[in-house]
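Structure below; questions to follow.
The chains carry the letters A, B, C and D, assigned in the order they are written, with residues numbered from 1 in each.
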């Protein structure tokens, strides 16, 4: 299984542990992730205005660079932007001509654009993954947190049922964890509002964390560095035991018995594989 | 002279001769050399001896399926050599009930694309006397020496954007299939024409169609023209005026093109048959493109079981005025 | 050469005000074949018709053109007039110079040449008109009603009362349909069973009605007056003659399966009647649930049945009958709202659809008439009703309004308050639609007297939390977001066409709209007719509707059927397709596009090179042909012609308009 | 309140650029019911569409709501009219940014603490959304 890999800005910085653990897991699973030679930040948000073609240059260059090979990313936002940019290139000939002419690349919407979770589910198969689990996360009560960008708009993303997704729960089950289902798992964390309106993000995060806690979760997993930042930094002091937030790949690597470390959003590091 | 592909021709002859002798077929439609070395014309072989004339070379462009309806009137079982386009033409005729599947034996010939003499001559420069093919390249022999060119640059127009070089229906495939093809420029000219204003477009077609002699060679070559009596020849009512006027030419070509909507297999025989070089395939392709856009992707002649989009009725066809 | 007479009507000033009659007459005299031209103030009057009749005699006319109003108005009148004068009615041609000319123009200078062109075209066509004869068809005096809900019951009763024989085919073991599932009916709160059951019994006992329950229509052939229908009567495995309806069999039956009648909220036995008031009161064995059929042992019902009515060997029967007319009354389904993930239907037992909630009120329903939560059996104290789930939703549901939900929600909120006095209802609505006698008053009573809170807005998501459902909604009037800790949520889901409606439509030969509801022939003036003569529709198979409207439509359909059956003979269509077989190439595309199966292939012999050759061409069955013209359009060589509208005639009209500007 | 002409170039531009027609909204307010960040809004999402329908450009320009929208697409996912409200919000934001020729937010607005803590993704997103 060979894929081109697009890391995106945060995975080379604050979310390095997501990349490290995912790469380690992929290597052990025989999934070849070949980082694109030259890549730029995807833009983090997909431009919603028809004439915002400038913002499409970077994702389209990335898509073209994959040269028709399946393109994998780990970060929800990167995946969202790439997937939607591809859909636009397929649907809107005019935009495609303008962007590709400007970039001087050939691209007409070809190639699969995948999130690493999809590779695990669809290409590898969770059944196959089960065989590779060396240290099942027995007794760990973990809830999945999806957020928005992986699921919506579902017509384009075609990732999972947008209201009742199961992919992360299925992964957790495979990893041997006790899956906790929290009703707020697809509610937005507040995204980039934490930059300007931290209070708003605090409200949304509080609901998400309370809900997970009430459902009995001790930890959350996410596929988005910004979700993780918000969940960890915008949760209010309420005197209750804080909930741990992991990247899905960190628990994956841990259950596979791979060495690695988790980098908290505050930059602090802790060993995960040895727990 | 074109170098003969002796090995392939022998194989075809062996297979077909056996069927002719055993009575599996009583006629074979193939190709033989015409007046010039760069022409191959239909061969009607009834005996093993007739097969001596059989050729399979880069000039076998003529679509043989078109001869089936007539030959089936006098022969009980006919064998026919089919390239990609001949096979799709066969499906077309099958859908029109012009041929019966069990009375035809199809010998599949994956087609590398046929060569265009005028292009060869132009490329060669001098007096072209023969050619040799080598690994996708063509060596042109002239009085004054040899010249090499890319095969794909020498194809006849209809083969350039061919998507289906391999027969889509056959009883016996004689050689291993050609690789997948793509035709990114298939609708390029149509798109260019669509971008013109109505006046410009009219002027374009007026110029092209004014040359039409109404010899009806396009119709005779066409596998979708299967009417017993063509509308142009009907007296009562008289659809088509007899006068040689551009407006009457428009009447003929537009009505014919509409008769092909959803039925044209894009084989390009009409355009190849036209003695005055009218780009008829552009008309047909416009309708192919429209059908795809309006009714979803449909490629005529690929599958005889699939109903052409304009030739169906379903009780659950929604009434247009109550669309969601 | 034909002898054509042209008659131009003034229609008072309707035509004469905008068309110069004198000039038109002058022009008409010069048309080829025209030997007589006249005009009259009102040609449709007795005097006007006499004028035409006299002229036919005096001038020996063999074609008549009238320049008048639309043929939809008076073609029949003038055809009758020329027939009385001895001409074939199809030798008359109407030039519509009113709707097509005088009414749509103001300038007499421009309207007059247009009227002349229309007259010239009509004359050119008339010259080519042939005398035509419409075939006549005997009428079978028996009607078929498909569907035994309230629509089918009402229609059957009305037809039977008018003295005609009628069969009702119902696929369930009992008639009654959706109405039988309801507890009470708005706006009077009548008990549904109390008003429906007497009708069920009446139809079952009517001497002119045969009930074919547990039966389905398999095939419909033929045409108005003579539909040949095959009906499959499924094996009940119970002898209806011996069975006394005592109910011991289903009391003793050990096998259980979800009850369709209870929307799956309760179980029924493998041998069962769907509900206590079932008509006929004869159980059926569900093969898929029956232990004997599945595993070959049990037979308790056979052992226990006092009259020994159980017959495991019974087979499906095919009944073949001829009917003069058919009413389709196959009802509706509820949309399954599972794909609205935000509402969580199917994920939580206390999130119900309207019809499921309705069953909780019924004494014989899944909770014995107690309104309780299915999760813990406690009465719900806070119930949230959500309107327009799947209705008025072009993104994930149906674009239309389901029409009944506003009213039944108000009804259910009232009934809830009566059953659980300390319950509080919240209704999230977009618009409250209460058009109907007594409806608005009823809904207001819910809001004013039964303490139902109407919140103008929608629900974004329902979050199940411990023992309640957290409903996140909004009230757009106050601009406030709203959170309700609800005990139960009721979704007013869209009413949709039956899943197999397209199949039924194909079977009987009627078409549907894009939602699969059957199409009426005209949205205003032919509300119960379909495009297929002799087939009528009633009830919610046409569009969502409530009981009063359904009953009214059923009676209307019955009247149409009675009118049809009262005739001994029907006049068929004269303008049917005909094939020139010599030119037909036998491509058979006409057969593919014919909606009435009137075209079929036939083999002919013809001479070819001294010998004979067999080949396939088509022929048209004129009694099946409706003259729609689809075949003539698809025939590339113009080999099929529509009598009365032949290619030659149409081209003659076009030439007459274009060539002589 | 007197509704003037109802004509607004901002709204016309928004319609073209977002491909969304506010007239298709029938004000069921499901967007507002679904939105996770309404607490901080001065106009609820459905009210924003109402203002668009009425052409109340001036009032919209004063509203905080478009800047609170986090582009989470929940509204669009659940809208029964198949409207993409996230696009409309983006439309208002962008048109305002382009009009003012100034940014809503820039690097200078960040505290040193934020600069250190915030993930790159948040900064890029923020600049994209609030900055032109």
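Quick note on the criterion: a residue touches a chain if its C-beta (ideal position, glycine included) is under 8 Å from a C-beta of that chain, and two chains touch if they have at least 3 such contacts.
Computed from a predicted structure; not experimentally measured.
Most remote from subunit C, judged by the distance between CA-atom centroids, is A. By C-beta pair count, the most extensively touching chains are A-D.
With centres computed from Cα atoms alone, the innermost chain of the structure is C.
With each centre defined as the average position of its C-alpha atoms, the distance from subunit C to subunit D rounds to 46 Å. Distance between chain centres (mean CA atoms), subunit A to subunit B: 52 Å. Subunit A and subunit D have Cα centroids separated by 25 Å.
The set of subunit D residues that touch two or more partner chains comprises 39, 74. The multi-chain contact residues of subunit A, meaning those touching 2 or more other chains, are 162-163.
Each of the following residues of subunit C touches two or more other chains: 342, 394, 461.
Here the touching chains pair up as A-C, A-D, B-C, C-D.
Across the complex, subunit B is touched by residues 394, 399, 502, 505-506, 509-516, 519, 583-589, 592-595, 608-609, 613, 616, 630, 634, 636-639, 647-648, 651-652 of subunit C.
Contact residues of subunit D toward subunit A in the complex are 16-19, 36-37, 39-40, 67-68, 70-74, 76-77, 84, 86-87, 90-91, 94, 104-105, 109-110, 114, 117-126, 128-130. Within the complex formed with subunit D, the subunit C residues making contact are 342, 388, 392-397, 430, 456-461, 472-476, 479, 481-482. Note for the complex: subunit B touches subunit C at residues 73-74, 96-98, 226-231, 234, 236-239, 259, 307, 310-319, 322-324.
Within the complex formed with subunit C, the residues of subunit D that make contact are 26-35, 38-39, 44, 46-47, 74, 78-82.
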